Every structure is written in C-alpha cells, then in structure tokens.
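What follows is a single structure, written as structure tokens, with notes after it.
Letters A, B and C mark the chains as written, and numbering starts fresh at 1 in each.
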Amino acid sequence: MRSPPFLSLRNIVKRFTKVVGGQTTLITAVDNVNLDIFLGQSVGIIGESGSGKTTLGKIMVKLLDPDGGTISFGQKDITRLKGSGLRDFRASVQMIFQDPYSSLDPKMRVKDLIADFYRLANKKPTREDILRQLELVSLDQDVADKFPHELSGGQRQRVAIARALSLNPKLIVADEPVSALDVSIRSQILQLLAKLQGQAGVTYVLITHDIATLPLLVDYIYVMYAGSIVESAPTRTLIDRPLHPYTKALISAVPDLDGNRESGLPIPPGDVEEATHSGGCKYYGRCPYAMAVCRDVEPSLRTVEKGVMVACHLLNR
Amino acid sequence: MLEIRNLSVTYPDGTPALQNLSISLGTREVLGIIGESGSGKSTLALAIMRLLPPDANVKGEIIYNGKDILRLSKSELERVRGTEIAMIFQDALSAFDPLMRVGPQIVEKAVTNKTLGYKEARARAIDLMRGLGVTNPEARFDAYPHELSGGLRQRAFIAMGLFQKPKIIILDEPTSALDVITQAQLIQTIRGLKEGGLSMIFITHDIALASTICDRVAVLYAGKMMEYGSVHQVIHRPIHPYTQGLIESTPTLTSVRRGLKAMKGYLPNLKSLPGGCRFHPRCPFATDICRSVDPELAELSDGRLVACHMAADSK
Amino acid sequence: MANTKLNGEIMFGISVILFFTITSFFGKYFIPINPSVQHLSAAFQPPSWSHPFGTDYLGRDVFARTLEGGSVSIEVGVAAGLLTVVIGGLVGIFSAYYGYKVDITIQRVVDIILSIPLIVLVLVLVALFGSSIALIVFAIGILTWPSLARITRAETLSLKERDFVYAEIVAGASGIHVVFRHLIPNQAKTILVYSGLAMSSATLIQAALSYLGFTGGSVSWGFDLYMAQQYIFNGSWWMTFFPGAAITLTSLGFYMISEGLRKMWR
C-alpha cells in the first residue's frame, strides 16, 4: 500500500477582507481545500490569478495561518504550531518565490545568503560548502562574492534554489519560479529543477498559471478555480483528457506552436474577478454546459476513476 | 502602411538599444515583433510613437503616409499620434489616471479636439467597448480604473486606443499581465479588429502567442533583427539558431513529446555586446567567422531575411 | 549608486563636532583657565587677549565656560541621540514585525509618552534622583524616540512583506534573527541619517533644559545664556553671543552630518 502522506491539508479555508472604494468585502481565497503530498510524487497546482493558489502555497509552508482546517506533517497536526515546534517542519519544507530579486536580501552577498540558511540549521558552512551549493545550480564560483543586484534574474533564481537546498529539504514549494524570467532562461531553470529532483531527491509542489511548465516536473496536477479544487488527475491524463469545463477551457486557451490549437471550444466570457458565481458551482456564469443544478448546488469533488477527481455535475449523472 | 528604414536608437548613456532595423507593415496585417528583455522591442514601439527621451539618438526613417514620422513637426505629430497610430502597452492600470473614471479618459482626446460632442462620444465609446467584449459597457464607462478587472481594463485601454479610429495600432505585450483565458479572449478580439481592417504591430516575448495571431514576424535579439518572414517560415520552419532556440525552449503542452531544450548562456549586456555575432556565445553552431564578424541580414530563397553566417550558406 | 565622496555638509558637520569635542574634552589641558573661578572685579570685560571671549557677570572667563559647556552638550547630544535611536529603532521594528497585539500595545505606549511633558518628567526625576547629566540624557531619550519608531515601523511594515523575509521565516529564522540580520541592515541608512537629527535635537533640548535651570550640575551653555540675557542692556554682547553661537553650531553640526549622509545616500 501507499506510505502515509508527507504533508496533508484538510478542509483548508482562508478568507481575506478586501476594501475597494468604500466597500469592504470578504473574499474566500481558499475554500475547503484537501490536498495530500507524497514524497517522490511532485505535484502541480494550476490556477489563474484569483484562484487562491498562491495563498494555498503560503498556507502549505506555514507562512499564513488558515482560518479553518488542519495541516498534518507526517502524523503530527501542525496547524496551530509556531516557533520551535516547527523546527523539523521548517527544515523539511522550503519555498521558492516568483520574484528573484525580492527573495534575496539586497544587502547580503551570495555567499552570506547561503551561509545564513546553513546557520539557521545550526551548521557552520565552509567556503567549500558554499561553492558546492553554487555548483549544484550551475553557477560560477565568482558569483559567491556578488550582491543580488549584480546578478541577472536567472542567476538570482539559481541562488534562491541553491539557498533553499542548503537545508536539505524534502519538499520545495515553488510559486511561479520562472514567470518573472526571460523566455530563454525559463527552460534553463526548469531543467535545473528537473535535474535536482533526481540529484537532491526533492519533491516539488509547483504553483503556476502556465500549465505548459508542469509536464516536465510533476506527476500529478490540481486545478484550482476561485479557491476550490475543481479537478485533479495525473499530469498526462489531465492534459490529454481534461474533464472539468474550466480545465478544458484552460488547456485549449494555451497557445501552441504546432499550428493553432483551435479545438473549437468556446472561450468562456468574463474572468474570475467579475464572474464568480456564488450559491452553486463557482464556474456557473462562464460554463457552456451549465445546467439548473449548477446554479444552486456546489458540486463536490468526486473520484471518477483511479487518481482522477472532478467537481462537476456533468459527471455526477 | 508603415515602413521603417534603418532605424537605430542609442540611449544617452550609450546603450545601443536598436541597430539598423528595417521592417514594413502592410494593410490588414499583423506584424509580430518577438524578443526578450533588451531585444529593443519596446524601444521600437516608443520610437514609432516618438516617445523616446529627447536626448536619445535616433537615426533612420519611419515612413507613414509618405512622411517620415521622426521628422514631423509637433503639431503634425499630435495629429498622427492617437488618431492615426495608437499604442497599447502592458500595464493598463498605469495607463489610466486613477482619479478619473475610465469613460471620460477614453473619449478625452476627441472631445477636447472638439471632433465630437460628449454625448456622441460616450455612445461611441460604449459601442466600441461592447464590440470588444466588455460586458455591461454602460456601467464600465463610469467605472474607475481600479474597479475593473485586468481583462476589462485592458479592453478599456484598447477602446481608448481605437476610439479615434486609427489605421495602425501598436500592442506592446498586451496580454502579459493577463491569465490564459483572458488572453485567449483578447486574441479573439484582436483577430476581429484585423478582420475589420486594422493593421497591427504585436510585440511579445511569447513566440507561441505570436504564432496564433501574426502574419509575419521579426525576431529581435539584443537590438538587432535576427530573422524576418512569415509565421509559417519563421515559426514553423525557423532557420536562425536563436529562433530555433526560442522555439525549442518554450514550454508548450506538446513540448514534453518534443523535448524541452534549454538555450545555454545569458542575455548579453547591451553595453558590452560580444564581438562578431551577438548571439554566438549561446549558439550551438558558432564558428570562427561568427565570433569575429557581425552577420548582415541576407535574403533567402523563400524571401525571408536572416542574419546568420550559417544560414547564408544554406541558401 | 551612492556618491561616496564626502560632500560639503558632512565635512562641515564633522569639522564642527570634532572641533567642539576636542576643545571641550581636551581644551582644558592646553588652556588652563578655570571656568568657575569668579573675579568679581573683572566682571563684564569684553573679549581681550587674556579673556578671548570676555568675562561674565561673575568675572568668570566666558571662553573657558564655553569650552566646558561643550562637554556637556556633546555628551548629552550624543548619548541622548543614541538612546533615542536604539529605543526608537528597535521598538518601531519589533512593533511592525510582530504586529497585531504587540503593535497596538506599543501604539498606546507611544500615545502615553507623547503626552508627557519634558519639564514635568525632568522635575519628577530630579525630585526622585537628584540632578545629573545621566538623568537629562535619560529624560530626553525616553521622550523623543517615538518619532524614529514611527519611521522604522513604516519601513518595516513594507520590508516584512518582501519575499526575502518570507524566505527567512520558511527557513525557520526567529523574529530576532530576521530583525537583527535583515530588517535592521536594510534600514541602516535611514536610521543613521536619523541619528544625526536625533543628536541635533537632543543638543537643543539639553540647551533648553539648562536654560530653564536643569543643568545637571555642570556648566552649560543654556544656563549661561539665561543668565546673560539680563545683561544685554549693558552692552556685554559676548556673554550671550558665544554660548548662543556654540549651541547653534553644535546642533547645526549634527544636523549637517545627517543632511550630508542623506544626500550621499539618496
């Protein structure tokens, strides 16, 4: 049978208050999400802005506390833990951020940035240790003495990765790791991440809006829409046979190089911010297959075949 | 419609942003400018609109309607900008005055020029927005920029650009800040505009996106054009190693089968370009001549232009 | 980047402060005039070779008193300025970093502090502990830190949302680590610039306090100025001029260092 999940999220809920003009609205960024991460099985979370994926990522690394639900690390409930109780967790789970510049302290040189993390793990790094980390991410030795502003975006992101790895984490949550980089650099970083998967034995949770970057790195994908998971399936299955209408729209909207991927699928109107329906299925206002039940009842996530879950009334019949 | 001849732009600090660029835009055509940061693509857009800093060194000609835009007088330029050639760029939020409602900003220029009365202007703007796919355009007209979502704002921005019925519209990364589905919506809208007779220059870093909407494309690298031809030629059968590299390293849903290949090296610093062909440090085919001589754009038998020593040989 | 050539403001400021520091603390070894000796018969003498700054109403040498007063003003200026910076800096940063209850509590404390008048505090402290320089330093430092706290709090509020702070938290860094190794270094310039301002105003406040009589038991420019005021009419301009100029220059000196740093770093 399967080993227990490394990290488990159950019924996670997170709300924010948003003030626009004079009006205050309560937004449910993450709405009752369940997620299991198993070591060795990298996972992708795909969603657009407003889907809640970044918030979910932060909750996963305990940068944010959920308003409801539980987080289990191994067998331990760490939802309410703080400070020293999280030491093991912090050593095992790291995060890589979207903006390579802002994720490095601009006042510190590369070697100090990496050494800083070593010290947080109560280890004293030697110069060799630092250089080894740099080599791991294919950076030259002379980068060690540079400041972040002297590096290019791609180099900075490599430093961020080298730094995260110095703690020997088992899981790395990467939030849009290549979106802020130039196109020709993106694939370099993606390939680096793929190489490290094998070399350093890390499992990834890759959060992104660019579904095309996922097949290279993850075995399983969760699709998020307006705070909920609407579909989850193994990577190839999701891409070749998407079931949820949103997933289908998403996949057909991705521009492809091999001629137009005009699958004839209608592009859903509006966008998440203005068209999220409440009281039933959140995708109701944009779904070409919407039925009466979709308007009033929110579909729950059901397993339709091995490893594939969908929240859609169409498949519940 | 628009012909750019030997355009070179050097910024006051000496950075050579564009070198000797020559392209042309036909009627009802979407010309794609593909490039990454430092390629010069935005500089090109700013040069056409004459929005570069006054102390930038600009050489060459940009011919529109028989006249060189770079040499137009201030009043002629005012007339051309916005009314004949319009520009949309990436960040719609900063394009709008946050303290004014969106509608008045869309019609502003026409109303101040007294070409239209406010009532008619408003009606036209609302029609325009509806045609662009804006839901509930009457309400949107009176909305403030921050009240609109990204996609709506971008459409309002396009409405502002189209309002005076320009002949040419330059779109600089119009969809970069938007999600995939909104992007697809916008592309559909842009396709409609093309069918309606508009000529467009579509600037992007996303080569796959360019392939869905452009007729011809120019690939820029570090200020110089590397390849120029139809989408069918350049994107489906690329010859320049940079174009090939871009395509091979762009992750798409089919790229797993194709195999994702990363381009080695970094984008060069414009102030210290490598000698010879500026792409040679990253080129898998570089030879001695590439390291010493900067290749000229040469026409190949299929009509496209390529700046590559290796390509010239395979003519 | 930063214009690291020392600009005019810094040169001026450093020269002035250095001048006063050296003359105040070491002048007495070279110019053996006792500032407290009274020669009533030699009172109200204008500046001359034997008394470069003249004598005051008690026949005391104004020059010597000016030098002596400097040691107090510099001491208090620097010490109170540092106290303000340390307290204000740390309180502002921790308040913003920990947020919520901590932040709100500290805001209340700040409100209370802002409502305490300096004179009242000094009076109470003098009544309890007797007059001394340390007390003056303490009183000034304790009441002026809120303005720096406001600055560092605002700066920290924006810094703490930066990804590199998040990265530290995810790596298991404690609040102390984040504050001392990351938040403070990233605000160092702001804090340093402010310290010049703090010292400048501390100098002025000390002068004002001694003017009102709270000299802390030492010779002080402010008090001399107060006494000299009464004698303006008999033409003894040197009694007010030199202490007054000294106060102005010292305060200006600290301020110029601050301005110079600010210009250098912006």
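Going forward, contacts are C-beta pairs under 8 Å (C-beta built on N, C-alpha and C of every residue); 3 or more make two chains touch, one makes a residue touch a chain.
On a predicted model such as this, the values are computed, not experimentally measured, just so you know.
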{"item": "Chains linked by the largest number of contacting C-beta pairs", "value": "A-B"}
{"item": "Centroid-based (C-alpha) most distant chain relative to chain B", "value": "C"}
{"item": "Between chain B and chain A, distance of the C-alpha-averaged centres to the nearest whole Å", "value": "31"}
{"item": "Distance from chain C to chain A - Cα centre to Cα centre, in angstrom", "value": "52"}
{"item": "Centre-of-Cα separation between chain C and chain B, whole angstrom", "value": "58"}
{"item": "Touching two or more other chains - residues of chain A", "value": "none"}
{"item": "Touching residues (chain side chain B, partner chain A) in the complex", "value": "36-37, 133, 135, 144, 146-147, 149-152, 179-185, 187-188, 205-209, 211-212, 235-236, 245-247, 249-256, 260-264, 266-267, 282"}
{"item": "Chain C residues touching chain A - in the complex, by the definition given at the top", "value": "162-164, 166-174, 177, 181-182, 185-186, 188"}
{"item": "Chain C-touching residues of chain A, taken from the complex the two chains share", "value": "58, 61-63, 83, 86-87, 90-91, 93-95, 97-99, 102-108, 116-117, 120-121, 160, 163-164, 167"}
{"item": "Touching residues on chain A, where the partner in the complex is chain B", "value": "20-21, 48-49, 152, 154-155, 182-188, 190-191, 209-213, 215-216, 239, 249-261, 267-274"}
